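Below are the structure tokens for one structure; questions will follow.
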Amino acid sequence: GNGGQTNQPSQSGSGSPGTSATSSDPGQTEKGAYIGKVPITLKHDVHGNDAKWAEIYAKEQYGATYEVIDPDNDLAAEIAAVETFIGKGVDGIILHPVDENGVNGIIQEARDAGVNIMTYNVKASDCKVPFLGIDEAEVAAQMGADMAKQWIELYPDKEVKVGLISWTNIAFCFDNRTGPFLKGVKTVVDYLPTDSWGFKNSAGEDLTGATYWVHAGGDLELAQTVTADSITKYPDVNIVYGDNVSNGLGALSAYEAAGRGKAVDGVPVTEIIASTDASDGELNKLADPTSSLKYCLGMQPQTFAYAQVDMMMEIINGQLDNDTYVERTTPDVYFNYYKDSLQDLQDWYNTQYLPSSPLDLVGTYGA
Amino acid sequence: MSDHVLEIKNISKHFAGVKALDDVSFDIVRGSCHCLIGENGAGKSTLIKILTGAHPKTSGTVLYNGKDFNPASTKDAMKAGIGCLFQELNVVEKLRVEENICLGLEETRFGIIKKSSNQKVFDVLRRIDSSIEPKQYIEELSVAKRQVVEMAKALAMDSDVIIMDEPTASLTEEEVKRLFEIIHDLKSQGITIIYISHRLEEIMELADYVTVLRDGRHIATKPRAEISGRQELIQMMIGKVIVEDYVPNKIDENIKLIELKGVSNKKLHNISFDLHKGEILGFYGLIGAGKTEIARAIFGADKYAGTILVEGRDVKAVSPEKAITNGIVLVPEERRTQGICTSLSIAVNTPMMNYRTVSHKGILNKKQQGRLAREYIEKIGTACRDENQSVAFLSGGNQQKVVLSKCLNVSPKVLLLDEPTRGVDVGAKQEIYQIIRQMVKDGCSAIVFSSELPEILGLCDRIGLLYDGEIKMFLKNDEHVETRHIMSVVTGGVENE
Amino acid sequence: MRNNKLSRSTQKNLVLFVILLVLCAFFYSQNNRFITVYNLTNMVRQSLPNFILGCGMTFVIASGAIDLSVGGTMALSAMLYGYLCIWGINPWLAVVIVAGFGVVVGIFNTVIMEKLQIPAIMATLATWIITAGMAMSVCKAIPITGPELKPITVLNSIKFGKIPLALPICIVVIAVFLFLEKKTILGKYAIAIGGNDAAAHFSGINVTKMRACFFVLTGVLAGLSGVWQVARLGSADPTIGTGMEFKVVAACILGGVNIKGGEGTVSGVMIGTAILIVLTNGMQMMDIGSFYQDIATGLVLLASVLINSDSVGELMGKKAAA
Amino acid sequence: MSNQASALNRGIKFTADGVQNLTIFCIFLMACVVGFILEPKLFFSPSNVTSILVSASSVIIVASAVTLVLISGNLNLSVGGTGAMGAVLFGLMTRAGVPIVLAALLAVVLGLLAGMLCGFIIAQFKLPSFIVSLAFRYITRGIALVGAGGAVIFGLPAGISKIGMTIGSIPLPAVYAIAVVLVFVWIQNKTVFASTAYAVGANEPAAHLSGISNRKVVMSVFAMSGMLAAFVGVVITSRFTAADSGILSTLDNDCIIAAVLGGTDINGGRGTVFGMLMGALFIVVLTNIMNMLGMTTYTQDMVKGVVLIGAILLNNIIRKHVRI
């Protein structure tokens, strides 16, 4: 794929999408293309921004009409959304599958109806159409290894113990986030527990290594309560990872409510916490030297959105065959309190997220 | 076959803590009209419910046509030939008349209703009331006509025994007459009637045999011929004779507490009258004449056109809340659904119309609340365990006394009493009359709305006669009052006969 | 007077139907692709569970109860169906077994309601918690899938010309329930029990047994809806049916069923269901965000109870008279 | 027949309410004992007690008012949505620079108004509360989603976390919960207002003819529950320093379940705030124990469903046998 950029934020943070320049002939159809997008949900900042960037970019770059229907994590609603778009007569549909096995039929139906369709982020299990992915797994593994090293460096005599607050029912999350994260930690320490949790990735491998692994389903409150009970039972867990913004921040707030979750001058006191998505809420904590949230995996909504629209336009313009599987990859990033400067974080944020949030890291935490 | 269609032997029925029936035995003669009387809570309805399979009995046996009879459900009893008109109205508003009559009796195959001949329904209906059409929806019928539909249902079942639990409680004179004709007709066909009523005149007219129950026990079963009159029945029911007599009240004609001027609404036409201080005014009329409507209008529970003045001020009556602040209280006609909160205790019910006596700035004084309730329990003699007992577990008469306590607690100027003794037994009735008289003596005025003439004649100084939402005339209550004249007015006869 | 009496519910249904037509006309004017065979049949295909559950729920609510457990039953049925297929049971036999499971849930609901004397709303809420929890826990919330589910997914793609199978299924189910309502004791007894259960009891109707029938109806329909969703999704997802109970109840209320019982028609509920679905689809056709659809649903529901309420009716009647 | 009353002795007698409260209290204690036996070191540890209190706080706060709603014979299915709406409004205002206290106040007032409007429609048009509050559930949740644009609102001023933080080892949400419960126990026991709520719930027509305004009662109880729901939304927002439009999705059910476990009659006229408190704590302790046993959330739901049936059954038995 064309993803292999390095994962340093300072480099990947450049706003210009890699492949957009190739769209040689923007206004090819007089009226402009008509694109429908079905994200997984609009209730998370990353996906919301992804959708909005795609709309802006589709309009400005290609003069395309662009609409979104939000299935809110419900497979049945997602299928209905694709059907609705077919009914509306769109030229192409950009689909984020809620479930990799659940969308095969509807993709076929769109093709039968002569409507272009591609998937992104999650690949349909029986995929015969172009797919745009993220090299998230690699970055997650790097982050896991990095975090473990950091902890050992800070506290050489405290045994590493991992707690995961995640979406235990979504194989995609095992494959790209928690699974690689654990593998990364394991490259640094060799004594993680081997009890099975019964969670397997889509290759069928058993994922082990966590001291606790709880389901929070991307719900702030649930993440907070299940983590609170886990803290009581496993007070000595010191590496905590939440596999999306709500799971991560919910976990952090549980640690805070238990009087933990603190750092002194960026040195975590009782545990080190990582989150996923790098939205403003997480970056705020990450940059804060008194919080123990110090790592964050970051999807790049703008980069990703641009790449989706480019790919879809190539399909519509006939440059890509819609009935052949092609995979492209966009770069993922992760951030780290210890290496990334406040200015870099702020710049990255300003590029990737729409300027609706008053995030001001330098002003708040600088000097 | 013996000539006893039912033989009731040593029946007992215990509810948690209550002996509703205690070793009751008597026989019922085929083709007779057997009347069952007794005070409220004597056990009449319970006995009926055992006969119809609605309740299981605790002990004893019932022989039906000489055979042991143990219906498991009302359907069982119906199939065996015992039909019943229960005390409460049992029709479904959203179904048609014919559907109601056939309800539960439909001929079906695999649950699919066969197009059965509704001829019988037509016949039965025409026999009782030809003005009701089988295709009409129940919700379009008056309360009385709904009762007729229910009766038709019992008749349509081809029952051997038909039980009627207070069937005339809401029928007009005319309808009662027709009912009695039907009963005679049924008897002549060999059908047995078990008839329950608090109206002793009806008993005297209808009965072949009378059984008296008291406190769940069987007092006597006598043929009609051996009964000398109402007084004997009352004596059997309560053990002592009560004399009803009217004592005029001290009326101050100069002070008008309430004036109605041309009050009209959906059911009332141009109602005008005054209520004087110290007076008990009575309104008499048949069911549907509009008594309840007048009471509710004065009380601000219903909207009306026209003027109501309370102590000379136009109240533009808007709500019961306002009426109560003006010193007007209402004892509503439906005690259980309008008068009391059955699931709450006596202590909680008592201050409901006027919390000021038990609170200060919205904060309740529980001790005061208990004290107040005990005070009224003793003052008007409510029989109960203590003030914390749920009103649900009181008998009808005692529930009515709780309603009166509520009203007394307001220290009202005007007491509106709508059917104050409906469904209350003879003993409790007298006690309630005594309470009303005492209240008037203590300085308040009252309006009594009743469909029982003796009640009106025993209590009131002045009597308004109602017919079809209009006041036909006022009478002064004294020895010259003629009941025949009153009856003719309230049934729509000419005013000045 | 005379026409009035025949048609109070029919009149209501007519009004509802006119509202439905007006809505359709409005959405058509906004996007003429709203009325195409594809879009119209699509709405049926997407909402088959809403339609068929609405049929059953009409009886339950008209009889004075409510069944909040249908969503959970759908989910658990879907999981049961998935496992049955994976265990190698014939997929069509599995449908029958799932229907049988629906019967069990219906009876369970009736038993806790009638024997343990728990109000329907709490009883079925408990059942919903149990079944939804069970559906999630048997599979650890991970949708199950496999080639064994293929045969059933065919249902979703069968088409007669441009008409998907869902449409004839929907029509048949509605026809069956109209028959049950008009021609069998079920319809009459539901109204009788909901309108006056004492009257029903004293007329010799076995109220418990009839209630069991109604709950079994919704149970079976929920089971079959679960299977239908498996056919649609190609996987047995334990979140199937989330929020279904309120959508169905809302459609019933909109369709003129009295929440206190004693009133309601299958035809009205079908129109109510259609209105809610047209509203959602139409707003999507106009590219109005899903967040606004929640608000619209709430407002429509509120408006419909207000219009059906007696006091508002009186008010409007008075205004008309004045 | 008459003067029996005075003759009756008055010893200490438990009313059905009393027996019910005692029962749920004992059940709660038993759950605690079980928790202690299973995890002797952890269960009564300060952090666990704190965590139990914080977890229960939202339900306890809102259910205090919802108990009164149920007592008045109504249901409120819209508290979750109202809470989310309050949270989003609070988030939007603080982000826009409105002073925190003022923003919190405005959010709470919005909740109060939403509840009051819901109650007004129910009482004025005599509509079933189930449906009206269901409609409000859709509307309030929709407004929350629109306000937040679906996403979680971050970038809120750090100062807001003071509202929901833990001071020393005392979490403020638990303090609020205790304060609210105390106030509502007092309201339930000591005010005329609560008496009228019982009356309306037990028999609305009778209450009406006793001069009790159904509308006042219903509007008040709904306003209270809306107000507290919005307050909880504010507290949660401050705890996360983020306003999430999807919060409190199970609050409606949880409040009803807590109240019903505590002996409140879903048909109105009966129930106590103390019983609700025990019910809510019991559920949280049960969840805590199940979490410590490593049960998944889903299996826990099943157990809760069964417990719910059991509790209602128990309450029915008590009602049947304590005939006072």
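Letters A, B, C and D mark the chains in the order given here, with residues in each chain numbered from 1 onward.
Here is the rule we go by: a contact is a pair of C-beta atoms (placed from the backbone, for glycine too) under 8 Å apart; a residue touches a chain by one contact, two chains touch by 3 or more.
Just so you know, these numbers come straight off a predicted model, no measurement behind them.
Steps from chain A to chain B, minimised over paths through touching chains, total 2.
The chains in contact with chain A as well as with chain C are D. Interface comparison, A-D against B-C: more C-beta pairs in contact at A-D.
Relative to chain A, the most remote chain by averaged C-alpha coordinates is B. Each chain gets a centre from the mean of its Cα atoms; for chain A and chain D, those two points are 36 Å apart. Distance between chain centres (mean CA atoms), chain B to chain D: 42 Å.
Computed centre separation for the pair chain C/chain D is 30 angstrom, with centres defined by C-alpha atoms.
Across the assembly, chain A contributes residues 42, 70, 215 that each touch 2 or more other chains. Shown for chain C are the residues that touch two or more other chains, namely 136, 140-141, 289-290. In chain D, 145, 150, 296-297 are the positions where the chain touches two or more neighbouring chains simultaneously.
Contacts between chains form some other arrangement here, matching none of path, ring, star or all-to-all.
If you check each pair of chains against the touch rule, the ones that pass are A-C, A-D, B-C, B-D, C-D.
Against chain B, the residues of chain D that register as touching in their complex are 1-6, 8, 10, 13, 15, 189-196, 198-199, 202-203, 205-213, 265, 269-270, 320-321, 323-324. Per the touch definition, chain B reaches chain C in the complex via residues 54, 73-75, 78-79, 84, 86, 88-95, 99-100, 103-106, 108, 111-113, 136-137, 140, 153.
By the touch criterion stated above, chain B contacts chain D in their complex at residues 16-17, 299, 301, 319-321, 323-325, 330, 332, 337-345, 348, 351-355, 359, 362-364, 366, 374, 377-378, 381-390, 393, 406, 427-428, 431. Remark: chain C residues 5, 8, 183-186, 188, 191-192, 195-196, 198-206, 262-263 touch chain B in the complex.
Across the complex, chain C meets chain D through its residues 66, 112, 116-119, 121-123, 125-130, 132-137, 140-141, 246, 249-250, 253, 259-260, 289-299, 301-302, 305-306, 309-312.
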